[in-house]
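Both of the next two complexes hold subunit A, though its partner changes from subunit B to subunit C.
Entry: the complex of A and B
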């Protein structure tokens, strides 16, 4: 985590040099070493811990099941990570998912699978552009903008559907090629997992290895310095919301195809699960620090917590408590790693 | 006017119709609903309520919706009291929190009819009647369906054996609690040989139920039956069972028959459900409210019929609109 931040700081050319010293290993305490890889260590501990409790937990069948059910949250979290890296929030993704899913399912029987996906994507991207315009161009606070969009889009969904649940007719469910995205597989590997993996790799490369990615980090790490070094901050922020919306569009396709129907509020609360995944991965809510890869790990931890608790017979909302504990631990380790010790008299 | 009212009373089919003081004025019925638009049931309910009120010449309806928000519902109750409507119908957003508002209406001498899901017991003194489905009975009916489904050919349902899982509705929601109670109690009575392996909430949400069922399928090698608190969740479970190629081993039973459940039943993939019509629900509420205004004797718990539906008798029912 601190390593990424150091690189970012350098590329932003404006980071305070003393924030995280990239010193040699001798200056690093064990706390820093653990916290740098904390999330991976936690991941391994979870897998082993649940594996001891349930003999089915580590089965291929179960792993596939967890990956499959994490993929919708996961795809959304990829986009939100980009937004968060640039120093903003996107809380509108949950209701955007409801909107996209209702739309693609509803249009499927009316205009066919491909046009339905196309129209839905355009509509969802338009919503992303509104977010991007308000936050990027008008420089409004992203929390306020996207929180407002959260309820506005939910309203839009209800107006669109008239409050009715939408379904793909049972007669076409088994014949439409639209089923591929949620229920298909390639060589035995479920399609949602493949979509999640491909998008994760693409976005990871786009953020970690391109000039565009460095601009995103720069804008999030130090907006003023970024502007002075010639980065068009508004455009970068705008683009992050479009990426986030596109990810929601893909998630809507997976969800619609998986369930073959949709309730109006299907994505309710997903924005917080998504954000939990991003935070667990260690991406800083202040922007400028984090990575797509770590978000993938964060989302998978969420998925494994839920699945493990279910296999052990706990109700799924036990995960909310466990998730909170894990997030607190992750944040604490992160901070402890930056200051070099677990407890500190000053913040 | 008189003929209309008489016809009205004839259709209400309520016992002890003491048609003593006839209302010559228009009856104003105020309704504050839970969350119209959040699902098709509530949307259809509202349409049916408005249609039923429009169909009666002497009834005027003030239709409000709380959008799932307790505070807004309390404010709407106050508005209706201010407007001095003749009777208030409330679909509680929260059975506990609306009690003070219901008491306020009762103190202002405006009778209150609770619809669909009941308020907390301490509010019972302040309401005239509850109109809605009997959820305990619905759970019990689903249990009986489960026994029938798991009995071998020629075997008496009470001797049925098997292992089942349960997907319940949203925790804390009265409908969810009552259906689960009714199901578990009746199942233990009707066919003690059937064991509930595990119960997990599906939150009335199809996608969530699908995920819960996927986990059940990984955890248990043999599942003979699935009881879901409504068909929306039941179809989620069916999706998961289909994906795992295990539909054949289990009987899926739900409640509140949805169109998707109805169709799955026709396809032979879904064993049975409980038929609950939002139109009946709305009409029953309006009839109860008007009967209360007219001073008729109304049962305190005024349930409407919610029969069992399976593949064998589904022709008797029209496909649900939601």
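Entry: the complex of A and C
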């Protein structure tokens, strides 16, 4: 053992087990396999489990109802996913939804449906620009900025509405074309579901297949390397907040149209449900990893949990506890998959 | 080999260690033996399995096969804590200190001495840490905050931490990568001291001269398998290199490789950036390699960052291709035909969680679209071109760059910037932490690129590297460009004097 074998040693490798074809996943641990497919497995288990308990659960009507009730959170979660992919958070979407909905409903009777939607969109996008400016250009911490915006926008909403809830006049409710966004359907499929689906496909393509999407992933994965690669990080981050705000604008239209009125705190708590959908889908809060598609799955799981528990006769607030448990499990499995074992080897 | 018997006199023995990762057999039956009081060097190219082996030893990875003996007793090291308790201490390249705490707190973290009431007993702590620091001959005290220290000094803190434990085996993983010569002397003294106390030292380094200076034996890994052990006194660098890469390396410059510089591509006049560097002027021609040599902190990297639009100069002009430019962002620098291979590949060069292809095409992703979407085939074509050109070893373009070895990661970064077809290429510490094989490949590549007419700036802290690749060498000292030497008319002494601020000034 004190002499180095040189060239001949290479032949000793012949004895070694074949290591050709680094095929995928051959030596992954079960933890990693479950983790990689975890969210889809969980999804299937939920569907089957609830399906056994209730024959109504898997019916088309019920599916449609779940999709419909998930669509507002879903649309918002699409935008928040883009923000999270770039390595930031957006907690302001909840009160932004209140703001947008109150505004579009209030303006509907005053200036008409189309101008109301236009003005609301511009206002909400302006809020997104403020977020984007503070986080992207001034490089402030996104948690603090958007948490602050969460309460600031709630205040703005109350100032706008004077503390009153707003309604579309009963006389116009049944005649305005504005009702189509929340109550309409195409070939029997509810409009909110269609809006959610179309936005999901558009954003998925934009993030997964365009140069812009690649920049978002790069900024989230390693902001410094992104800058060294000539990416204007500030602009990318700025744009993600504008996208997030735009999604909130669409969600406001669906919600306003569906309810034909709005409480001035209607979006309260949505920011957490939205974030839950994103995390549950498997998009990393650290940025740089995840996808729009994952978020769609995450949001649907949230929706099915809620629906299944209701069908099983639990009160609606039971879902908050169950959702929390499911998120913890999802996050744990995600981490476990990355380190290849369930428990951290480091105390 | 039997389970025991020939263990007498070895503090650590690894037998037939196997470790596999998805698609890779990182360790393929590796043996290793360490005696008390011995410095045993572990060498191999990047990706040969050194780090993996040491992580097995530190309890961070569990081997899939093989046996570990410490003091002749078979044991398992399921966690880093277990490894520490067995007396195995790993001193990493990447340091793990609590930046906001003091030196003393870091050294005794988790076992701070307590007074009767359960409070930290600062007096005792200061005394114990003070003793250790005195032994290490460092110029900071127990109460210094760690984030005030240089990397080298932080490393001393790590070593101090190891000394407080009853270490049987101390593993040094590239310990001198960021040390100055004076600091190296101190480190080697400490290693000698540990040896005298009967501690076994595993020393991982790519630097031959260090290995031959301090080690007793050298074990060699290649492609995850064990290639034998040499007694340092009975071998030479050539034999070690051959064992590591399976061939002999010619480290000298190719004869007849004289650059025929063309037009001036880059002219810098009186460039200054606050206190970082002042009044730097030089010209760079097509087909020429200009080396920037100096100590860490001499302002070399900062000049590169200014040229690349990452810093604003406080004075001076930059002329690119005969046109005065004011570059305020990397995007503009790229548009002007400038590429920068940055100093730190992991922090600045790569998105580690992205695949190889996406990393290479990142700076030009806007130009690789068909319709609204990025064109996969175009991207793969670029990746394949540079994979072949640079001999990048990756299972496929889908492989995450974080799973590649340091040398291959560096080639990805170089590929990324070559694929931009720049007029001026700046490479900052192109071979830091890279094995000799990849190093030679990268040096040859730089020469080739220059021969093809590229204007290249190479920033390096390694004199052999600067001498090997440069046509002219700019020596820097404390933010000033002391002088520019012609490669053929410079001696090592000239360079050392210039960068230490002694002797000749601007010629």
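For this structure, a couple of remarks:
Quick note on the criterion: the second predicted complex is superposed on the first by the 321 of 347 C-alpha atoms of A that agree within 3 Å, B and C clash if a C-alpha of one lies under 4 Å from a C-alpha of the other, contacts with A are read in each partner's own complex, and residues count from 1 in each chain.
In this section, contacts are C-beta pairs under 8 Å (C-beta built on N, C-alpha and C of every residue); 3 or more make two chains touch, one makes a residue touch a chain.
Keep in mind that what you see is a predicted model, and the values were worked out from it rather than measured.
Look at A:163: by the touch rule set out above, it reaches subunit B but stays clear of subunit C. Contacts of A:249 after superposition: neither subunit B nor subunit C is touched.
Shared-chain residue A:61: touches subunit B; no touch with subunit C. Of the two partner chains placed around the shared chain by superposition, subunit C is the only one that A:225 touches, whereas subunit B remains out of contact. Set against each other, subunit B and subunit C differ in how many residues of subunit A they touch, and the higher count belongs to C.
In the superposed model, A:136 makes contact with neither subunit B nor subunit C. Of the two partner chains, subunit C is the only one that A:215 touches; subunit B does not reach it.
Residues of subunit A touching subunit C in their complex: 1-7, 9-10, 12-13, 16-17, 19, 22-28, 205, 209-211, 214-215, 217-218, 221-222, 224-232, 288-289, 345-347. The touching residues of subunit B, counted against subunit A in their complex, run 36-40, 42-43, 171, 198, 200-201, 205-208, 210-212, 214-215, 218-219, 232, 235-236, 239, 243, 258-260, 263-264, 267, 322. The part of subunit A that touches subunit B in the complex is made up of residues 54, 56, 59, 61-62, 65, 68-69, 158, 162-165, 167, 170, 183, 255, 258-261, 263-266, 307, 310-311, 313, 315-317. Looking at the complex, you find that subunit C touches subunit A at residues 20-25, 28-29, 31, 59-60, 78-81, 220, 223, 225, 227-231, 239, 242-243, 246, 308, 310, 329-331, 333-334, 340, 342, 347-354, 358, 362-363, 365-366, 368-369, 372-374, 395-396, 416.
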